[in-house]
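Letters A, B, C and D mark the chains in the order given here, with residues in each chain numbered from 1 onward.
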């Protein structure tokens, strides 16, 4: 640390927090300066969220000290922290979805007139606030009717209106499109100029380098180091996070290994593709997507948020059946009307929202893993316990699922292990086609690599994979072909050497200049 | 997902010892409470610890157990069934009215009639996604009226049929038939939940319906089946009560049964939020409530005291079994 | 409404039309000159109440008087509301079967204000006959309890261990029948109530409760006094199940005189039942006739209750309710 | 800086959602109007001032209870204990009436509110589900009422004139219970719409986690809500006792279900966060008018009344379910 550093706005020293027998934080220090964007990084379980929750009063620390503006502070509740100027915008946006934007922004400190809520003033001031932040959002709109990006903006606006000196953004871009990301950057820079300190948590290195000034790295609840980001290259940062030396890492950031842009052997043979969709459409979000997947192939699906990526997957899987167009599997028309139809035909689907649409939290790993395969494990209406156990053991070993036992509740596992169980749920049905929607979102780098390698291996063994991802590296390195969607339509198919981040971005945003280019380069 | 409060890698809970798997879920508190209650009664209540009283308690608890097993299934899907009492009355009424055409007509008709109410409940909950508490509140009200309409416009229809009387009064050795029927329903419940796909589907539908649907679980069918099962078991209970009484008392059969059954379920350790179920726990819960009622009768304690104790037991049991905060 | 889309507006107006048609078709406007009697029944969930309502309906039909019946579902609050609705309907007279002694004052006041005469049926309510209501057609519940007690004393030579199955907690009939019985046995030091638990006037509840008491007291029990026949019938089942022979080891007696009870007497299981006659129809309408003719009425008219035991039960089975 | 414009998809959907939301609530209003028109055409006695006052007065007590239930349901909770708390308050008020009106009213209200606070503390602090806590309170409070009175009704002392006035008095042509009802709903409506406390109820029902993270004192609000529900049930009980001239330990049996039905029929969602006082009042009146029509008809057997009530409730709920689904799907 240089002696010339500006005075700290918020300082945390020796923060320790224990849950039961697990030490979540162990003597962590953090210093925030005025007007800086401070990245907080680390793998799952590193203690980022715990640190933030202590900072914003949601948790109480076991020991350690905290100073804000040079004064010792001690927050018992989020309310106290907010009053002192420390605010958080969480990853799952915590807003009231049935209430209006203005109500959300002013919740807890509504402007009043003679003791009663002054609606007019509340709406007016919210409008002014949003406009001041460069946002065009109706203060009377019900939050639930806004898209995720706008909800995120509302959450930030709330923090700003609270007069936040410290604003924590926890994975703010996880559900934003590159275009929306630039709006967020605008906002962050504007706040920075107003000398707000921003704690920025993200898994995406592009973002960190694009917007952050300094970085604090945590690992397993301990502070690894704090740096100026400019003096640290990506590889160094990954090494710090993983606690590995620079040499131990492979060149690529994904685990798909060698670029496998050469088409799979099967694709060259003149056999019908495994999956073919013909201009499938549903409502206003899905307006004509055609794509093909051959056995043994990983087909990437790229597109901005709202381009119909997830809708495509759900239509092929029958969860939200297409209203027009056709879905062919193995040359025969399928048009699944429910997941049952798709499953029976040999399709598996791992949803992007693991928590809401993937795991059954109270059930064990065993039950979660075999849920889709139950009809196959049933004889005379009874589930064969021995076959169940055998399958579960086989897949836990093969996928390297780390758990105390197959009877452990799935909600106790880490995100990466949960994702592996969900993959195994489909693999044990022996599917022909696997649809993966954001297979590596929100999981730590180690598990991410394992899953990517596994997908690669599966495809090599003949499975067709349709992989939706918002990580361009993943698409570029993993896919034999990439289908690019825009506004609910498939607009481009990239093959072989055509596949590059530049090309994908170009296709995603063809008529506009690739706005997110600086973020993605 | 960043830096969760429960780092899985740091603290993977140890695998439970084998004996723990015998006692399902978090029902230890309930089992312990039952043990304490029985022990206290054996010491202080005259004639409590006798074989004949054992059969007596089993006899009385069996209808609640029947209904509560169904309720366990419903609650583990995250639902609730307030209509069980009225379904009991409907089944009793149908049987009473049709008995002069023979048991072969009356019994199936009663069971089907009662079960149809459950199918209606399930269909409304599953297909129209109306909240279970409202749907079954409506069928509770309408069902009670219907039962009275069926039994000749509210009359108390006397049943005089020796075969039918066996259902509620017959014995196999010292064991009452109805206790055997209840036992069968418990066994079926345990078996369904543990060994069949249906059981997994019930828990999956209760634990995370969206995920269950995407995993190919027939969620709607499962929910309809669960309400139908609850109504079917309630119908059986209704027939037993009618048989024991020798009359279909459409106004009173099954009154407040929903509360007794729900109490048994929650005391037994099944969470109202769904996704977890323990049929054996429910049996324990029902036994606790029954032992309180029986012993208070035997000790001739005023009614209001036993109510107060019941309330306390419900709270205490749920408090002890509440899931640890994460 | 201004936000309704057109199709919905059309739907609403169609519904309205149907409603109007239904209303006009079945219009229940008061026929000029017809005499309408309102009957506020307190509940309808047991045979006794049903028999009472039926008796009034039948008699009204016979005399071509319109009878409007409301059911308070066992709630005093609703009964007050029911009476108010009858007043609003401008009935000419109200028969009121009170849920409780207390709590009906506002109903009586309202009727008085509307100049609609009220005749109380089967139970008393707080107020003065001739002022707050015309008269009371009474069952004497205390007397019923007393007669039961005396019969038991005579049968057992003043020596008995009695289990009392009482009615719904808080119901005045239960209190009256308990009181009369206690008054009667007070003279006999060897007649003891060894257990008194509520059976809620319900056969099922009483059966369960009795089963438990049999478990605890067993052969000590020599008599069961139930506040109504339904509970007695439940108790008989429980006694038999517990190995005690009803009518032999244990004398069972109750009040009401419903058909099932008379049959039980005939079988020798039930010792006796004091009639609580539900058939107020003829008496009620005779009283109404007298009132319309301007005759002076006594403050209380007692309905005669018979007493059924081994000697006479069989001959009344057919006519019992 | 220029205003950055985001793709504005929300605008058009928003008005549609709003219209449906309005219909969701106005569905009950339409039904109420229809029932009234039906009654007025069919029964000469229906549209008389006398009958209108009757309906309002008869339903004022349930109305008070349902208002408290609305608050609780808005937070996503449920209060099954209201019927028992009503009985406790009535009984306590009647027992204290010999000491004068003030102790009687204060004692009754205080006891019910205290029990409501117990509910709230168990729910907010001990974190047991509302359904279970209030189910236990339903049983325990009834036991309390029965035990305190030895299962007998308690007469309200004639000396407690202010207490009696509460149940039987009149303000001009308006019976006092009705005035109280109107006042309570006015205050309730204002509270929900124009006070922080009211806004917080919606916030908690919408998302308790979000409310907590936004710094709302969630526990305190939840406790206050159940206290309020208890107090309103208590007020209902006191008015009822005053009206009947007696505190009955068995009063209010099953009223929790009637209150829930009224709230639901009005259009408040049991999931919390949506609905309001006005819609509950409509729900109460709608169910009240239906009972009134039954009585005016006078020839529908009680059991058919049960059937009709259940089917009606089912119908309303189905229609609302469909509207609600359309609302969430759009």
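FYI, a residue touches a chain if its C-beta (ideal position, glycine included) is under 8 Å from a C-beta of that chain, and two chains touch if they have at least 3 such contacts.
Model, not experiment: these values are computed from the prediction.
Undergrad: What chains do subunit A and subunit D have as common neighbours?
TA: Common neighbours, subunit A/subunit D: B.
Undergrad: Just the number, please: Cα centre separation of subunit A and subunit B in whole Å.
TA: Taking the average C-alpha coordinate of subunit A and of subunit B, the gap between them is 43 Å.
Undergrad: Please compute the C-alpha centroid of subunit A, do the same for subunit C, then give the distance between them in whole Å.
TA: Centres of subunit A and subunit C (C-alpha means) sit 69 Å apart.
Undergrad: On a C-alpha centroid basis, what's the spacing between subunit C and subunit D, in Å?
TA: 32
Undergrad: Approximately how many whole Å separate the CA-defined centres of subunit B and subunit D?
TA: Those two chain centres are 30 Å apart.
Undergrad: Give the residues of subunit D that touch two or more other chains, as numbers and ranges in rising order.
TA: As it turns out, subunit D has residues touching two or more other chains at 146, 151, 301-303, 305.
Undergrad: What are the residues of subunit B that contact at least two other chains?
TA: Expected reply: 154, 303-304.
Undergrad: Would you pick out the residues of subunit C that each touch at least 2 other chains?
TA: Expected reply: 44, 169.
Undergrad: What pairs of chains are touching here?
TA: By the stated definition, chains touch in these pairs: A-B, A-D, B-C, B-D, C-D.
Undergrad: Which stretch or stretches of subunit C touch subunit B in the complex?
TA: 44-47, 50, 169, 195-198, 202-205, 207-209, 211-213, 215-218, 230, 233-234, 237, 241-243, 259-260
Undergrad: Of all residues in subunit B, which touch subunit C in the complex?
TA: Residues 45-48, 50, 52-53, 56, 59-60, 154-156, 158, 169, 241, 244-247, 249, 251-253, 255, 293-294, 297-300, 303-304.
Undergrad: Within their complex, state which residues of subunit D touch subunit A.
TA: For subunit D paired with subunit A, touching residues are 1-11, 13-14, 17-18, 190, 193-196, 198-200, 202-203, 206-207, 209-217, 273-274.
Undergrad: So in the complex, which bits of subunit A are touching subunit D?
TA: 57-58, 77-83, 88, 90, 94-99, 103, 107-108, 110, 112, 115-117, 119, 131, 134-138, 141-142, 145-147, 149-150, 153, 158, 180, 183, 186, 190, 306
Undergrad: Where on subunit B is subunit A touching in the complex?
TA: 1-16, 195-197, 200-201, 203-204, 207-208, 210-218, 275-276
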